[in-house]
């Protein structure tokens, strides 16, 4: 199973590297139009071909990786930063009103798919990449809260937590000193999976126009642009699609590999 | 059982009330006045005022909420700012595309995922398992709308088995309607099926380690018999949760997929409404989507009780 | 002619040798007990007979079950044998039944899977079997689900399932280990009568020598995959040959001598304590009901005294223990330690708490796996206003570890590097390090093998001399409580039904419940004690 981990890490690193390199170098300027060279299939000059404006696809993919990674990463950060403390608090006060409020709140947020959140935000604030971040981030909160609470609850039953309580430690202190380190592996694995889901969600939102707006390049919007031309220039749809699939595949393989590597008994929700 | 259902029902109603409040408040903070937006910048103040009262915007907020929420209870979603037609009528037509699409996809996804997951679990660690797991790993990574585009490319443009888009309408017969929803449903279902198959497999593998599976084997059941008779039903409990969650993904996915196939569903309605700032339509469609998700999860909760006798308490 | 004949069975799992040329036999109507400590291979021997070994197990030798050669049978042949020729009962009744299937269906399934009868006849036989194992139709209809039954009742269902087709051999793997003593006695009686009625052979796997001595016709003693001694029960008990057998029997009746306690001066006072739990509502608008886990309990623990608390599961002893430790609030009454209340205004008082420490049952769950031993044993320093630092801290750790028979260098190790017995020593070191006035031992030796348990009991007696320990010793194991306590409390259904000097209570119990408890607890017969 370490083979999965290696392959996954390799793919993920490749995408990250691509995104980082794009800050200093791309084969062409990703916004430079060149109408005479439009819709060219991949060749030596344009490795991944050109789009309907003659822009270099490879350059656009490189810069688009930045958007995907930034959106998904910040969204996971929001989810973890808010969700994990909520889950820890709910578990520490299991059965209390606080637990009840947090869990009901969780259920409520679960009823709003990230697309619906994005629709609401866009209706109010107008379209933009920030919407995607907020929408996916909000969606991530209950995911992390729930998984943290579940893992923490079983830890609270363990004798070493009772021993810490006998040593006079408060719920908050036990949560951070004993519970959090013991759920960290689980959170890292779930974080990887939410990261990959975030990339998928960002692509979907950009595709329907609720995410990154021109001129910010994004894989999802490249697919939206390609749609009307898919019969005459299939590479326009193939290239961003394969980029998404490889990135998500890499992250998922890495997540699964990490889980097996860190603890074979970890159970992670893939929902 | 009755008590359990009643408890769930109360929590369903509460969730709907809170959700409607959240949606209403979010839309309320939207900047700008719909009436001025509709009439343009040169409108006379009294014309704007007249429209405001016609749209019911001149009453206090809490009363507007009650009117909106109360109206929805009897199927009245208000009047579209843009088209001046009842929103309920606009939604009803679209709903008959989006909802069947989501349900169709859910059916396909379940029909594919269950056998695949059970098969993989029963062949654990062998070639069959590895093949299913490899396929699902790929399935999970494929964005459904991109998969849809590829399906159009192959089955509509190259093979011409289906039309590339549009909706035949139900008035031409159920089969014609289903035919035009087939490609969208498949592209929506397969990535979800991959997730569901993985959950089914891991849930079954967890069950295989349980003591009662060993008891079953000690009775003389073969590995396969034990898996079928004792494993699958127990494994269904976590799988049901995922199916409930999946419905919300499928509904959201349906809205995106509609864009690929140019289907006249809720998706197109809501995106048009956003660009024309027809907020009452956005508000209503969002409420409808959230309502569906909450209701489906209510049904899943009831299904739990059917599968798990520990939730049905003897009185 | 024997029913089961195991001949030179050797077994390796994933290359690790588990069994080494094990031979034993069971005749019809005979009860053979296989006993030994954990890692002796006794359970694997049972699974080998069932043909349910892990897939990476490699076995050699021969197992003959009523003419069938088990080791060379195909999986399909084994499926035919399991349930019909040989039935099995497992240790953990709470998880041995399918939670989503009725008990009637589960018993009938044994018959149906072998196509032995029509479905109607099978259901009728299932009903008869449930009646036979003591689950009469009136109170236990076939439509019951496992979660509606207690542990002992579930074990009866498992037995009914195992004997539904009247197998010639029944294998019971620690069938009463998870049960209370009174339930254990009933289940053992049931097994014994079934063996007599059906002329079955019973292969009984158990670590409990007292159970073995009472039940078995013959005994097989195993150690690390070897059979060290085997013989007729009476004969073996009277003339033990192997040193390991002798050690095992001595350890399981191990007695320690405690120093004489000082003159009575109250340290812990528990006065009329009540602890209620809210029950889930039975109807939607029904008034909230409560379960009284601890009901008006009062007792005094004197300084330097060793007090026992015994009772069966669910009697409230764990709740009482937690209340004493300040981990749970009480609804009424008072708990005073050294004259000061443990609960002051809702929150536990830290200056009172620092006077007590606890040792838990599970040597594997009592420690955070991510911390080193030094950090683990110094956790109670959190209770001190000025915890020792630097050299003083190091010295305290070294002293605590040395006191429990470990080495000061062990401080830098992680907990997974220690065995179960060593972990309990570390738990005791953690309890000792702030020199508390009171230590609570919550089933602290219940999870240990007898030989390890004897060593920990010795350590306790030793520490009593060195540190003038005062402790509250909670246990379900009467024989252990009898040797390590001066006085004992007997708890039942939330109340203390009897208390008094340990020896007096054991020799002359007053309350009927105490009497039934002592009568139900199996004891080793005299010859074994003498040898």
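As written, the chains take the letters A, B and C, and residue 1 is the first residue of each chain.
Definition applied: a residue touches a chain if its C-beta (ideal position, glycine included) is under 8 Å from a C-beta of that chain, and two chains touch if they have at least 3 such contacts.
Keep in mind it's a predicted model, so treat the numbers as computed, not measured.
The pair of chains sharing the greatest count of C-beta contacts is A-B. Distance from subunit A peaks, on a Cα-centroid basis, for C. Our note on geometry: subunit A versus subunit B, Cα centroid distance of 21 Å, whole angstroms.
If you average the CA atoms of subunit A and of subunit C, the two centres end up 47 Å from each other. The part of subunit A that touches subunit B in the complex is made up of residues 104, 107-108, 110-116, 119-124, 196, 200, 203-204, 207-209, 223-224, 226-227, 230-231, 234, 237, 240-241, 244-246, 248-249, 252-253, 256, 267, 270-271. Those residues of subunit C that touch subunit A in the complex are listed here as 325-327, 348, 350, 353-354, 356-358, 360-362, 365-370, 379-383, 427, 430. Residues of subunit C touching subunit B in their complex: 50, 52, 75-76, 79-84, 87-88, 90, 92, 95-101, 109-110, 113-114, 145, 147-148, 158, 161-162, 282-284.
Within the complex formed with subunit C, the subunit B residues making contact are 3, 6-7, 210-212, 214-223, 225, 229-230, 233-234, 307-310, 313-315. Contact residues of subunit A toward subunit C in the complex are 158-160, 162-169, 178, 181-182.
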